[in-house]
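Can you read through this structure? Questions will come right after.
Letters are used for the chains, namely A, B, C, D and E, taken in the order the chains are written, and counting of residues starts over at 1 for each.
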Amino acid sequence: MTQPSLVTQDLTIRFGGHVAVNAVSCEFRPGELTVIVGPNGAGKTTYFNLISGQLTATSGKVLKDGTDLTAMAPSARAHHGIGRAFQLTNLFPGLTVLENIRLAVQARSGAGWKLLRRVEALTELTEKAERYLEATKLTDKAHQPASALPHGDQRKLEVALLMAMEPDIYMFDEPTAGMSLDHAPDVLDLIAEIKKDRTKTVLLVEHKMDVVRALADRIIVLHNGELLADGPPEEVMSSQIVRDVYLGKSTEAA
Amino acid sequence: MTLLSLTNMQTNIGEYAVLHDISLTVPEGGVFVLLGRNGAGKTTTLRSIMGMWRPSPGSVMFRGQDITALHTADIARLGIAFVPENMGIFGGLTVEENLVLATAKGKFDRDRLNRIYRLFPALEKFWTKQAWSLSGGQKQMLSVARAIIEPRDLILIDEPTKGLAPAIVDAMAEAFREISDTTTILLVEQNFEFAKSLGRDMAVIDDGRIAHAGSMADFVADRALQDRLLSLSV
Amino acid sequence: QDPVKIGLVHGISGHAFEAFSKQAQTGFELGIEYATGGTNEIKGRPVELVIKDSQFKPDVARAVLAEAYGDDEVLLAVGATSSGVTQAMLPIAEEYEKILIVEPAVADSLTGPDSNRYVFKTSRNSSMDMQAQALALQPDENLVVATLAEDYAFGRDGIEAFKAALDGSGATVVTEEYVPQGTTDFTAVAERMFNALKDEEGRKVILIYIAGGGDAPGKIQAMDPGRYDIEISMGGHILPVLPTYKRFPGLEGAVYYYYEAFDNEINNWLVETHMERFDSPPDFFTAGGMSAALAVVAALEAAPEWDTETLIETMEGMSWDTPKGGMTFRAEDHQALQDMLHFKIKVEDDVEWAIPEKVRIIPAEEMNIPIGREN
Amino acid sequence: MNQMNATLTRVGGVNLLPLAVALVAFVLIGAPSSWMTLTVAGLAMGMMIFLMASGLSLVFGLMDVLNFGHSAFVSLGAFIAATVLAWMGGWLGSDSVLLNSAALFIAFTAAILFGLAAGWFFETVIIKPVYSDHLRQILITMGALIVVEQAILAIWGGTPMSVPRPHFLEGAFLIGDVTIEVYRAFAFLLGLIVYLALYFTLNRTRLGLLIRAGVENREMVEALGFRIDRLFIGVFMAGSALAAMGGAMWAGYETLITPSLGAEMMIVVFIVVIIGGLGSVEGTLLGAIMVGLVSNYVGFLAPKLALASNMILMMIILLWRPNGLRPAVK
Amino acid sequence: MNAIPSTQGSVIVKAAVLVIAALLLFAPFLFQDVRSLEVAARICVFIVLVASYDLLIGYTGIVSFAHTMFFGFGAYGAAIALKQMGPGWDAVALGAVAGMAVSLVVAVAVGLLSLRVKAIFFAMITLATASVALVLASQLSQFTGGEDGITYRSPDIFKTATKLFVDEEGKVVRIFGVRLNGKLAAYYFVFFTSLAMFLFMLRLVGSPIGTVLKAIRENEARAEAIGYRVVAYRTFVFVIAALLASLAGTVYAIWLKYTGPDTTLSFAIMIDILLMVVIGGMGTMWGAVIGAVLMVMAQYYLRDLMGTAAEATANIPLLPEVLNPDRWLFWLGIIFILLVYFFPKGIAGTIAQKGARA
């Protein structure tokens, strides 16, 4: 088995008296797509926030390829290859779609501090950004401001930003929420594509069971901030406890 | 009996024409589902009803009264509630305060409150927490709770199930079914399973026009139509 | 005949002091009228006033003064109201080699080392204010003083001048208090001064030297210094402020001008004309503006030629009459030496303001005003 | 840090801060009569600042509108009250306390009425187009400030105007060696009344909630059936009226006023609102009292530092609590 | 990636700026009166000052009230050096460097300490810092001249009496009636240093860092998440803007030969800068040019214009009162409100956008 690329050790955060993520230890490996499920408020997004740095853990550690990221700022973690897309759309609303993506490409390339080069002169950046536009089928909206996109396209742009960061660890937080049935497959195809690259690690939060079934290599279940189950999809999904806390009766329906 | 009717509604946002021609009749009682791809104009339709965008030309009639030109607040006072796509919760206020504002007199009806607690236990748990710190799904619950804390004639709901765990989705379906006896629900939904289980009537919007309207049962039966309008084949 | 052009550079917009500038202008116009006997002509040439607004901004003041000298070709210029603005204008006079008469700005430094030989100053300076103030206290061994001033160069220089004037009289200064500019609450500093003075023997005085608002005297008075036999002393003020002096009957101090105190032909004309035209008596800056105008006319009439060098020669040491008596431009630094008024406040119910009644005129010779520079 | 804060909250929280400051000052000052004089004067000064700041706090905190024009209302209130008082010189001069108070009451009412009208005008014409745009708010209200200041200059002229005071508010009570100015006692009472009125309307009604919600998401409050536009006008009018009243009160304290009076008080008012914490009237009161006390103590103990005392206080408090002492929104 | 996409409107804006640049370049020859040259020089300096402020407020969304403080550091640096050491380029260089050094230290300190806090608090902290600087300038009067400021001489080549070129008779050469004297040299010194700084800023905002700044303004948290260290970038622009302001201060000090609180540090200038940024249009360097030109012109000429208008309308009741030149600030305020109201994006921004729609 390959070395784990991302490890969380006893990762914990409390808000006042409320423990949102409670001593979660987990290892993630390249080439593996892990789906994180759990009821609303289980701590999934918070877990992501702890890994990518929007929140700092009360205790516990986050390691990427052996490097301790726990105390780093989000930007530093991004440079260590952690990338994530947000559950609630989180873009640069006043910039165009192309500019949004180019920013991510530029961050990756480290060109941010070039003071006296004109942006236009850095054609590689633009070309790369255009590739991601194409991959997410947003090319014809390239020059619209992000704020004018309909919800579904904003979700796509959110994903495109993550892709453009070219991280080692991809974290998707309900990427297809609110996407219509004709758009969702585009995004799912992209995720499947990343999965094929055996050097990348993918974490996915998703409530849609068909998506989970189609993509997951492994499922972990969070409940009240604790790691409740961890294992291959069929095994986890059929366990009684998961049915009780998460699925309700819709398992029968589906 | 017709509760709400939209006639030849055309809405522009800035310089963009978004709705081209929307005519729709929503009967009283039950759940009316609006379907359509991303960007089709569903949200815009709901906002046009609420008076947040102004259709022109076109008109919105509610219980026989022309509400096209009314102020949003006055429309709401007619007994119409709105659950927006982005949830529209007040992050700086606590869960309780969010709900207080949605009541008519500033006081809770105990029964309704208990029902909401049952439906969304998280809200009771985080009653005094500031809403911005809730999880995505909890915010969605709060937004729906705000709409049903008072009896209303019509609720406009924009994609309530997105981000909700399956168990909660079930509970919500249950709740909608329950209140739809007395309250009409105009539901925009991408989750076809959910929509299918609730809807009595439905319409599909495509590119700012009504592409299809009819009963849900007929639509469910017609696979070809579904494929064409919603790309359900995947 | 070509007109004689005279530039008036004052701040007439953008600051609460603009009213002072307007007084100065009115005074200047009246002065020209009086001195030319209403003909508005000097040696047959009509006087034309070129009025410029410094907006109370030093850079603007420099530009408009340069414009007056360079483009409008004024013979000489008069200004300005604020000391900082005037300070900035001084080098322009030197650059254009034309005369600048400073009125009504007060700072000593305007005739100090950074000034130049093209600058003459008709307005009084801070040293005069403070020396007169010291003399009005009739200092002797029995006098104990606590001083209160604002904490910046103007305030500190004033207190220095005051102490210099007390030197040798035997009076003591027990504490010097400085408050930030714009202070409105004087409780703390009053407590400090009370504490310093209350156990002293002799005549106990708090000397207040605050140019800005804030009403320090009133607020200190409200704290009842009388219970420790402490009296308040301060300089006089412009008319709109004098109503507030009604709270201090019997207060003694020194002031630049009060219209009833000076009895001479010019002042009588000024008061009469001003009453007639504006229905109010003339104030500080009206008298100041008039003095400047009288200096200009006196110089132009005396000078054989009107080129700058001849004018400077004429004006150095020149004496002329003003509403407040004779003034003399000191040859060394071009400061006009002048008399000051020692007053005592009298309150009369039917007069809107408190009257600074004349005790005596302090003649210029009694004051020892330091020489700012050697021209 | 967390623990420290927790202990603090248990014993009364930041509300005790002024008490702590006063205690420290007592030890440092030594002389009880001086300390008492300073403390009482500081409290009253705090109340006066609160009166001027409350309107700003209301508008700034609840509606998230940064009204630089606030100081213009303060100045206008001062001038209007002064003018009315001058007209009623007869009543003021009389020995009857009743006539005295009547004149004062009319002057204050005039200022308040004017504030209401000006607030209405300001909201509908100037502020409405720039809600939720901080920068443009700062700018447009700054423009309004220039206009109003110039208008005051045009109407009342630039020379300082003296403000007659009713007789019964002159002078001081003398208790032992401690002096308490009558006018300060009056201002203190006025401030207290305003505080209580604000506190009850904001905390005992849904009004405060509504306004806060409206600031965050105007559309949604409307979708809940509230006419937020009318509400905002109301709040704005109240804020302006408070400003005008604060100005009227300050005019009486200053006795000699210039058109720049409002602008001169503005920095201290902003400081108070900020150290108090955004949006809470309680915070503003606390901040005002802290500023009043600290500046008096520092002025007595270390006059050199007096100028910077407010700034230093603000920096310390912001470093300790980046959102101010008692922010309404955490 | 310019602030303004290339549209018909933005072409108009750029053309206008080019015309302004040309007018400024030939100003001494086109307008041969004293005031015009003062106005032109002030415009040059303020363009730099406003553009550097726009880097903060327009491009990064940082509201600072301390910009005049940095302007003042540069001006006082040069002024004190020139005063103490006498007129000379060594004094200018020393003053400029000293001013920039102080600006650098203060900007880094303020930036690192407080750019993390909420925008409004940052604004307050800068306001506090700036007022402390103002107080210091007043208190250290033995160096700064206190409220009255200091006058001094600038290098000899800039003296009006200096003849740059002489003809056979030893008289100063004239071109188109303009004397080639030190005043002219001083003007071109101001013009070209300002131009250089402006071009530097233009390049800066067109560089990748310009995009990053805008991203930070739009959504700080997201910029951090995709890998930009927000505090570092913010501090960096804050420092750059401070250094440029400081240099502009030095240039202005050399031109004015006087430095005092009212020409450099005062809050009134801060407000002027704000007004200029807004009138011109935030987030576009071109806007800074337009804003500075209009405001400075208004300051110097609106008054005269109103005087003329008041005279012209002398017979009509009321109007002359309202048009009284002493009330010019009143009108400036009104114009300003209308501008913010109708041109929310400033003149440059609005014109550029108009084109985009057409």
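The definition used in the following text is that a contact is a pair of C-beta atoms (placed from the backbone, for glycine too) under 8 Å apart; a residue touches a chain by one contact, two chains touch by 3 or more.
Which protein is which chain? UniProt says A = Branched-chain amino acid ABC transporter substrate-binding protein; B = ABC transporter ATP-binding protein; D, E = ABC transporter permease.
Predicted model, so just to flag it, every value in this text is computed and none were measured.
Where touching is counted per the definition, the chains common to chain B and chain E (ABC transporter permease) are A, D. With A-E and B-D as the two chain pairs, more C-beta contacts join A-E. Among the remaining chains, the Cα-based centre furthest from that of chain E (ABC transporter permease) is the centre of B.
Using the average of C-alpha coordinates as each chain's centre, A ends up farthest from chain D (ABC transporter permease). Chain centres here are Cα averages; for chain B and chain D (ABC transporter permease) they lie 45 Å apart.
Per-chain CA centroids place chain C at a distance of 36 Å from chain E (ABC transporter permease).
Chain B and chain C, compared by their mean Cα positions, are separated by 76 Å.
Not a single residue in chain A touches at least two other chains. Shown for chain C are the residues that touch two or more other chains, namely 18, 151, 180.
Under the touch rule stated earlier, the contacting chain pairs are A-B, A-E, B-D, C-D, C-E, D-E. Chain D (ABC transporter permease) contributes residues 66, 126, 129-130, 133-136, 138-140, 142-147, 150-151, 153-154, 267, 270-271, 274, 278, 307-308, 311, 314-315, 318, 322-323 to its touches with chain E (ABC transporter permease) in the complex. On chain D (ABC transporter permease), the positions that touch chain B within their shared complex are 206, 209-210, 212-213, 216-217, 219-228, 329-330.
Residues of chain E (ABC transporter permease) that touch chain C in their complex: 33-35, 38-39, 42, 135, 138-139, 141, 145-151, 160, 256-258, 260-263, 268, 299-300, 303, 325-329.
Partner chain D (ABC transporter permease) is touched in their complex by these residues of chain C: 15-20, 151, 177-180, 182-185, 187-189, 191-192, 195, 213-215, 218-219, 222-224, 227, 238, 240-241, 243-244. Contacts from chain A toward chain B in the complex involve residues 15, 37-46, 87-88, 148-153, 173-174, 177-185, 207, 209, 245-251, 253-254.
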